[in-house]
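Please see the structure below; I have some questions.
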Amino acid sequence: MSAIKLFPSHDAIPFIEQVRLQRPLIHCITNDVVQNFTANVLLAIGASPAMVVAEQEVEDFVAVASSLLINIGTIDSQSAKRMLLAAAKAKQTQTPWVLDPVAVGAALKYRTEIAQQLLTFSPSVIRGNASEILALSGQQSSSKGPDGLDSTDSALNAAKLLAEKYRTIVAITGEIDYVTDGKQIYSIVGGDIALTRVTGTGCSLSAMVAAFIATSKDRLAATASACFMMKKVGELANKQSGLGTFAMAIIDQLSLFNQNH
Amino acid sequence: MSAIKLFPSHDAIPFIEQVRLQRPLIHCITNDVVQNFTANVLLAIGASPAMVVAEQEVEDFVAVASSLLINIGTIDSQSAKRMLLAAAKAKQTQTPWVLDPVAVGAALKYRTEIAQQLLTFSPSVIRGNASEILALSGQQSSSKGPDGLDSTDSALNAAKLLAEKYRTIVAITGEIDYVTDGKQIYSIVGGDIALTRVTGTGCSLSAMVAAFIATSKDRLAATASACFMMKKVGELANKQSGLGTFAMAIIDQLSLFNQNH
Amino acid sequence: MSAIKLFPSHDAIPFIEQVRLQRPLIHCITNDVVQNFTANVLLAIGASPAMVVAEQEVEDFVAVASSLLINIGTIDSQSAKRMLLAAAKAKQTQTPWVLDPVAVGAALKYRTEIAQQLLTFSPSVIRGNASEILALSGQQSSSKGPDGLDSTDSALNAAKLLAEKYRTIVAITGEIDYVTDGKQIYSIVGGDIALTRVTGTGCSLSAMVAAFIATSKDRLAATASACFMMKKVGELANKQSGLGTFAMAIIDQLSLFNQNH
C-alpha cells in the first residue's frame, strides 16, 4: 500500500499562475444546473470557458480546445452521444480531458453504463465524490443522487484500482480529498462543509482540473493543486451571511486568489 | 363558500424543521432558466436536489426520490415525454409530486395541453400564479408569458374547483397567497414585490413545496408553510442594494431561517 | 467613410425609461449558460423575459412577444430548427429581433452556417464581439471560442458592410462599442474590462437591445442606449470584492440605474 502524502500547498502556486498566464480554452460539456457557475469559475481563475455541444461541432472543437470537461449530471440520449463523440476525439487528438461521473450508481443505470463507455476513451482525470468513485469501480455505494454519502477514505482503494486499470488520475473529493495515479497518493485537507451546500462546487472543481491539466504536464500535482485551491477558497469565503453570499464569495475568492495563501 | 383562514405562521416551524432533519431527495424536472437557483434554494432549506431527466432514468429515479417536481417552463417534445413518464410513475409509486404549470394559457397551447395530461396523473400539489391557475381550470387569463397579470383573488374560485376536480391541493401565489384543498383555504400575506422581479422565485417555491410535502402527511399545511417561508424570506432579504443582491439574499435568508420569525 | 459620432449619454435616458414604462415581453431563445442571468438582467431593467423554445410554441409566441432574441451560444440541431422557425415568423409578423452570433468562425462551421441562414430573415440588430462580426461578414477572425480576441476597430468596416447588406443595425462591443446602420456610426466608450470576465454580459446586452428596440422606433439610438447602459453599469458595479460580487452588482446597478449617470 502506497503512503499518503499531504500535498504541500505552496506547490499549487505555479499551477495557479500557469492557468492565468496561458488562459486555456476549456471545452465544457456539462450539466444544465451548473453551466453558469462553471463558466464563471473558469473565468475567475483566468481560463476561457466554451460550452459547445452540437453533434456537428464537438469533434472540431475538441481539436482546438486546450482541454475538455465531460460532466454527466443531466445526461440524456443526445448528450450521451455528444459526450462519446467528444471523448473519442479527445483520445485521438490527445487532448487532456476530465470525466465527472455525477451520480453514477445502482439507482441510475443508464448514466453508469455511459460512464463505463466513456472510461474506454482514456480520461486524463476522473473527479468524483466517494459514492461515485465506488460505483464507477463496481463497488457498492450509499448514495442515490448527486450528493455523496460515503467517506473519501472508504473509496481510496477503489480510486487506486480505477487509476491503475485505466492509467488515469482519480480525485475523490469530500472531507479529505485524495488524488492518486494508482501509485502516489496526495491528500488535501481543509475546506468547509458549506462547499457541499452550494450546487456546482464539485462540478466546477472538475472544470478547474481541466484548466490545470491543460497548462501543465505534471497532471497529478496539477489536479491536487486545483483541489487545494477550491478547499482554500471554501475557507476564505464568507459563510456568516448565508449560502447565497457564500456561493458568490467562492467566485470572488477564486478571482482574487494570491500567493499568500 | 368556505371561509379563508389566515395561516398561523408559527405552524410553519415544524415543517421547516422536518425538511432539515430528514433531508429529502427531490427529483426535479424543471426549466432551463432556474435550475441553478432551484438547486441552491433546496440546498439552503436542507433538502437534496437531483436533476435527473433522461427518458431512461426518470422512472427509476422517481421510485427512489422523496418527491418529484415537474415545472414546464421551457418544455419541448422531449421534456414533455420525460415529464409524462415521471408523473405516471409517481402516481404508481405514490411518490408525492408538485406540478408548476408555468405560462399555461391561450398564447401557449402546447404546454397547456401537456399540463392537462399531467393533471391526470394526480399531482399532490399544483403551484402557480393566478393567470396560470385560471388558465389551467379553463378560464380566461390576462397573461401571455410567465409573469402573471391577474390577482390571486380573481383565481380563488378556479383554484377551489381545480382542487376538487383533481383531489389535489392548489397554491396560487401573488400579492396574497392562497392554498386550498377545495374545502379549507389558507391565506398567507406579507412578502415583497421584489420577489416578482427575480427569476425563479415562484419556480423554486414549487421545489420547496415538493420538499415540504415529502416530509409531512399534512400536505395542506406543508404547502402553506413553504409559501410562508418564501414570503418571510422576501421580507427579510436586503432590497436596498438592488435586485442582484436581493436574489442572493433570498438564498442567504433561507439558509439562516430560524424560529424567531 | 462616415464619421464616427460619440453617442451622447443623456440621449439614452428616454430609452431606458420607455422599457420601464412599457415592460416589453421579450421572447428569448438563448444559450444554456446565460438563461438565468439574462432573465434577471431583463427583469432588472423592467422588461418581462419569456424563454419559450418548443417547436410547437415558438411561432405563436413570436406573434405575441414585443421582440425576440436569438443567441446561438449552445446551438444544436434542435435549437437551430427552433431558431429558424422563430426568425422566419418574426420576419413575417415584423416583430423586431436581435441576433447574437456567439462564437461563429472557422472553428465552428455548423453555427456559422446557421447564422448565415438566420441573416436571411432580416434581424433588426446583430450584436457581437469583433471576432464574431468579422467571421459573420466572411472575414478572418482570431478567436476559437466565445471570448473575442480582435479589437472592435478592426471589425468596424465589416460591421458597416454587414449592416448595409442586410439592412440592419450592427453593434460590435468590446473596449469601444460601435453601433452602425451602415451609414451613421455611434461609438460608446467607458465600461470595464471586468465585464469580459463574467459570463453572459454580452449575451444579456443582446437581450437588453431586444427590450430597447421593442419600445422605440429609433433602433440605432435604442441599440446605442443599451450599450451605454451596460458600459455604465460596468463602471458603477463594485469590482474590489471580486468577480462574484461584480456579477451580482451588474444586476444591482441595472435595477437601480437612474438619470444622474
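Letters A, B and C mark the chains in the order given here, with residues in each chain numbered from 1 onward.
Quick note on the criterion: a contact is a pair of C-beta atoms (placed from the backbone, for glycine too) under 8 Å apart; a residue touches a chain by one contact, two chains touch by 3 or more.
These numbers come from a predicted model, not from an experiment.
Rounded to a multiple of 5, the C-alpha superposition of chain A onto chain C involves a rotation of 120 degrees. Taking shared numbers over all numbers used, the chain B to chain C interface scores under half, which places it in the different class.
Put simply, the C-alpha centre of chain B and that of chain C have 33 angstrom between them. Within chain B, contacts with two or more other chains are made by residues 32, 35-36, 247-248. Considering their complex, residues 31-37, 73-77, 80, 103, 107-111, 144-147, 197-200, 241-245, 247-248 of chain B touch chain C. Across the complex, chain C is touched by residues 25, 32, 35-36, 39-40, 43-44, 48-57, 60-61, 64-65, 78, 247-256 of chain A.
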